Amino acid sequence: MEERPVRHVLIIANWGKTASHSLSQTIAEYLARKGITSKVFRTNAENEPLEVQDGTDLVICLGGDGTVLYCARYLQDLGIPILAINLGTFGFITEISVDEWQEAIEFYLSGKNCISRRLMIRTAVLRDGVKVFTGHGLNEMVVSSSGISKVISMALRIGDTDAGFFRSDGMIIATPTGSTGYSLAAGGPILDVDLSSLIITPICPFTLSNRPLVVSGESRITLTIPKGQRTGLVLSLDGQQTFPLMEDDVIVVEKSRSKALLVTSERRNFIEVLRDKLNWSGGGLHA
Amino acid sequence: MEERPVRHVLIIANWGKTASHSLSQTIAEYLARKGITSKVFRTNAENEPLEVQDGTDLVICLGGDGTVLYCARYLQDLGIPILAINLGTFGFITEISVDEWQEAIEFYLSGKNCISRRLMIRTAVLRDGVKVFTGHGLNEMVVSSSGISKVISMALRIGDTDAGFFRSDGMIIATPTGSTGYSLAAGGPILDVDLSSLIITPICPFTLSNRPLVVSGESRITLTIPKGQRTGLVLSLDGQQTFPLMEDDVIVVEKSRSKALLVTSERRNFIEVLRDKLNWSGGGLHA
Amino acid sequence: MEERPVRHVLIIANWGKTASHSLSQTIAEYLARKGITSKVFRTNAENEPLEVQDGTDLVICLGGDGTVLYCARYLQDLGIPILAINLGTFGFITEISVDEWQEAIEFYLSGKNCISRRLMIRTAVLRDGVKVFTGHGLNEMVVSSSGISKVISMALRIGDTDAGFFRSDGMIIATPTGSTGYSLAAGGPILDVDLSSLIITPICPFTLSNRPLVVSGESRITLTIPKGQRTGLVLSLDGQQTFPLMEDDVIVVEKSRSKALLVTSERRNFIEVLRDKLNWSGGGLHA
Amino acid sequence: MEERPVRHVLIIANWGKTASHSLSQTIAEYLARKGITSKVFRTNAENEPLEVQDGTDLVICLGGDGTVLYCARYLQDLGIPILAINLGTFGFITEISVDEWQEAIEFYLSGKNCISRRLMIRTAVLRDGVKVFTGHGLNEMVVSSSGISKVISMALRIGDTDAGFFRSDGMIIATPTGSTGYSLAAGGPILDVDLSSLIITPICPFTLSNRPLVVSGESRITLTIPKGQRTGLVLSLDGQQTFPLMEDDVIVVEKSRSKALLVTSERRNFIEVLRDKLNWSGGGLHA
């Protein structure tokens, strides 16, 4: 266990949550007393450009799961750890609650708590052979209708193998971190956050025999959008960044080269969050 | 691509399937013409002891998925590849159909087709601190009622973490290979067979909020059976080997040290089997 | 068994399916030989106004399930039986296949085959106390996002009881006929088409503990759209008729006063269609 | 609203729950003060024969959902209302909590609260044409394995229609009251308790395409047990009464002629119990 040298911290505060106003100030002062400089970035929207000063050693994120997704996306290739303090309802990603902030930072500085290295996904859209979009996500990539009619069709390839043609309300390619997000609502399994796998979860598929499929994180997943759709289609990353699709577009999803570095809580791990959130010992059914 | 030197083959024939009677003979003669000796082992039950002669380079398995599970269990630590030819309805594990047998063997000898290295699980039962049972499985380990009353209770640990207390009809710990077996019927996801993960799927859980959970293949999963059960309990491996449990037993499930080596088909891979079996492009629902 | 006097028939032909061009002519000539006048209405879109001449005793519908939904909606309160001949892939609603058309019409005229009386739903939207929309559906009413962001929130009342507040991708209120449509894709149960019940199926609900709920066909189901939605909302009937919703709208769903009268096949009933479509004896899972 | 004349009450107390010891006495004294005679029956097991004195106008049941099931089964054809006071964890059937007992009895006597008339099922087993078993249930009838091997096969008929051949861990035929019991754990929908429908829910079916099916309460459902099972089979009613099955047995399930009469709470109805138990407004998923 070695001390972690931290000289400059970026505090990203979800300004929509008023608790972040004073907490960001309190944390900045606390860091200053330790000789650590910091800058507070106030965010109000999920697509605000985020500037990161050279020499930033740590990001402290004040908000909910959505704010962490935003940070992870914008910090994607910088290799800076994110210490997320949860200001909202108890989150799946933000394990550190607001009353633990000081302990968590101290643990981090003294090298005590771990860094969870989370798989992210990189999505590219090819149109007539030209890459027209690239983006990253910590939770998931979704292709779905952008309009009123919901059913879309698409072809799925996993690596070099044709995996079938789908009619559904959409398709989710989720990371382990994203397994407790939209994919779960669509019927997907929960994955331990440390796995290097991707989940392919169709949304309301047109056939009864379809099931969520978990593939290696090394897989290259390709979706193609055939002609003849009844609606516009849209690609969405972490529910925050969107890109309108066109017929014949080819969407390639792979793991990102970098991982998101999330500082974990000393008090509870992912399995314990699950146990409490999912209420496994919970209310009974059978008489 | 190198030739694979094969001198002696063990042919394991599910004698309950009459097609195996002549096919085992035909294959033995075919191998003899190539200067390869072979022995036919006729199996009628899932727990028949299986002797493997020293110097056996390859096992050819004639039967259905159940026969492969039997072979994998008995060959568990020998490192001998299994070339399974499907005599039954099209299987998930046995990708090679009966009319492809010669091509498949030739491909194998010439080094063409691949060997899929499949995670197996090792299960131990501790009673008063003493190991009273050890067994291996290629598909899954199930703890369930052995009697008329179905609901049992148990505590789950993943690694060192208490993952909750369950009331259910049972618990399945499945491998990726087993993800298309009993775990799927109980609502589990499908995993690419090459993953190193384990699936924890409760059977008819007493609570609505439970979901299948996929954890690392490095995980040590522990089930403990509290006092006060309303029924006898039984542990089952691959639906073939069973062991009666007692209250206070501790069941430890980990990946086996060795993997099952399954010769793959040149004609179709796992994703293609899925596509065809699961009929992803299949009959529609919405009007 | 009494003969059914038929003097005038309206033939509604889905002109997008070319098989309907000659078949509508053939049927008209066949009817003429029996002294029955007929008129062919060519439909190309799901919202084309449909005129029904006084004295029309029977509608013959040539198309797929979607064409029947269109007919049922436009004929909603006229009490005219619909004999639907399936021109597409085998449908859930259109049990009569194209090679059975003559037999089916003869059976109908001679009083042999039954008429299935199907519950329809009536949906009204109240805005500031004023009814701004009314429509009918044979399959389902859906409230969902009309835009890119998917999650909407709404409050559900069943009769006079507050049944909770939902966050989901939408809500389906389906009839028994609609139980094999979108509701099934969203995880709903299948209902015998002759039941007088409604199914409340949330789409990708935000909570794990939600389940589809079947209530009496006499129930008055009310959805209210609270302020603060992140997206536009739309109401959709049978996937064919849509109405844009606003915050504070109140949506009331009840059974329609009239039922859809569908002429059944002599050759197969709903359970047999299910058995064949759902492949209950189908491909196995466990090894 | 008329007063209900009550002269004699049978108090059935689940003696395993110690709270019932004093409460049964308190209620008996309370009734005596109103000039109502009563008798306390102490039950310890689910299959204890229950004697009901002539002239009993009301049964007060002290226990959990299981105790109500027991009462309903033994009182099946007597037409006596059951006022169930919940002594356990909050139940689906027992809506009246222990602190409401006096209010609930007073409301009942003054004719205020309603009586919910619940569908029950009657199950008969025919062996070589002879009826060898008859029983009733308020929740469900289950056919499943009685041994270690789980998979059984059976043929299903609904009315006169062959509905297919199943391989599964069993089959549940549930009432609306039973829809929140074992059927729910096996993936079935929730039905409003006042419906007259039956739910057919296969347990871990061998095929992906199967779904729970809701049919009319007038349906006659027949299960036949073909030869060649790998395990013993057992029929179970409400998880309390069992009957061992043999190959070639024919099981006929229909609604019982009488209904269970359950006194409802004034404070909450079924939908409200659902809302609170199922936590529809509960913890969120998407980030």
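To keep things simple, chains are lettered A, B, C and D as they appear, and every chain counts its residues starting from 1.
Here is the rule we use: a residue touches a chain if its C-beta (ideal position, glycine included) is under 8 Å from a C-beta of that chain, and two chains touch if they have at least 3 such contacts.
Keep in mind it's a predicted model, so treat the numbers as computed, not measured.
Novice: Average the CA atoms of each chain to get its centre, and name the chain whose centre is farthest from that of subunit D.
Specialist: Computed centres place A farthest from subunit D.
Novice: With chain centres taken as the means of their Cα atoms, state the distance from subunit B to subunit D in Å.
Specialist: Distance between chain centres, rounded to whole Å: 39 Å.
Novice: Measuring from the mean C-alpha position of subunit A to the mean C-alpha position of subunit B, what distance in angstrom results?
Specialist: Measuring from centre to centre gives 34 Å for this pair.
Novice: Express in whole angstrom the distance between the two chain centres, defined as the mean CA positions of subunit B and subunit C.
Specialist: So the centre of subunit B lies 45 Å away from the centre of subunit C.
Novice: Going by the contact rule already set, what residues in subunit C reach two or more other chains?
Specialist: Touching at least two other chains: 151, 182, 184-185, 206, 208-211, 239, 278, 283-286.
Novice: Once you draw an edge for every pair of touching chains, what topology comes out, line, ring, star, complete or other?
Specialist: Shape of the chain contacts: complete, all pairs touching.
Novice: Which residues, counting only subunit D, touch subunit C once they are in their complex?
Specialist: 151, 156, 158-159, 161-167, 179, 184, 188-192, 194-195, 197, 199, 206-216, 219, 269, 271-272, 274-275, 278-286
Novice: In the complex formed with subunit D, which residues of subunit A make contact?
Specialist: It is residues 64-66, 68-69, 89-93, 139, 180-182, 184-185, 208-211, 238-239, 277, 283-287 of subunit A that touch subunit D.
Novice: Quick check: in the complex, which residue numbers of subunit A touch subunit C?
Specialist: Counting only subunit A, the residues touching subunit C are 144, 146-151, 168-169, 182, 184-187, 203-206, 208, 234, 236, 239, 242, 278.
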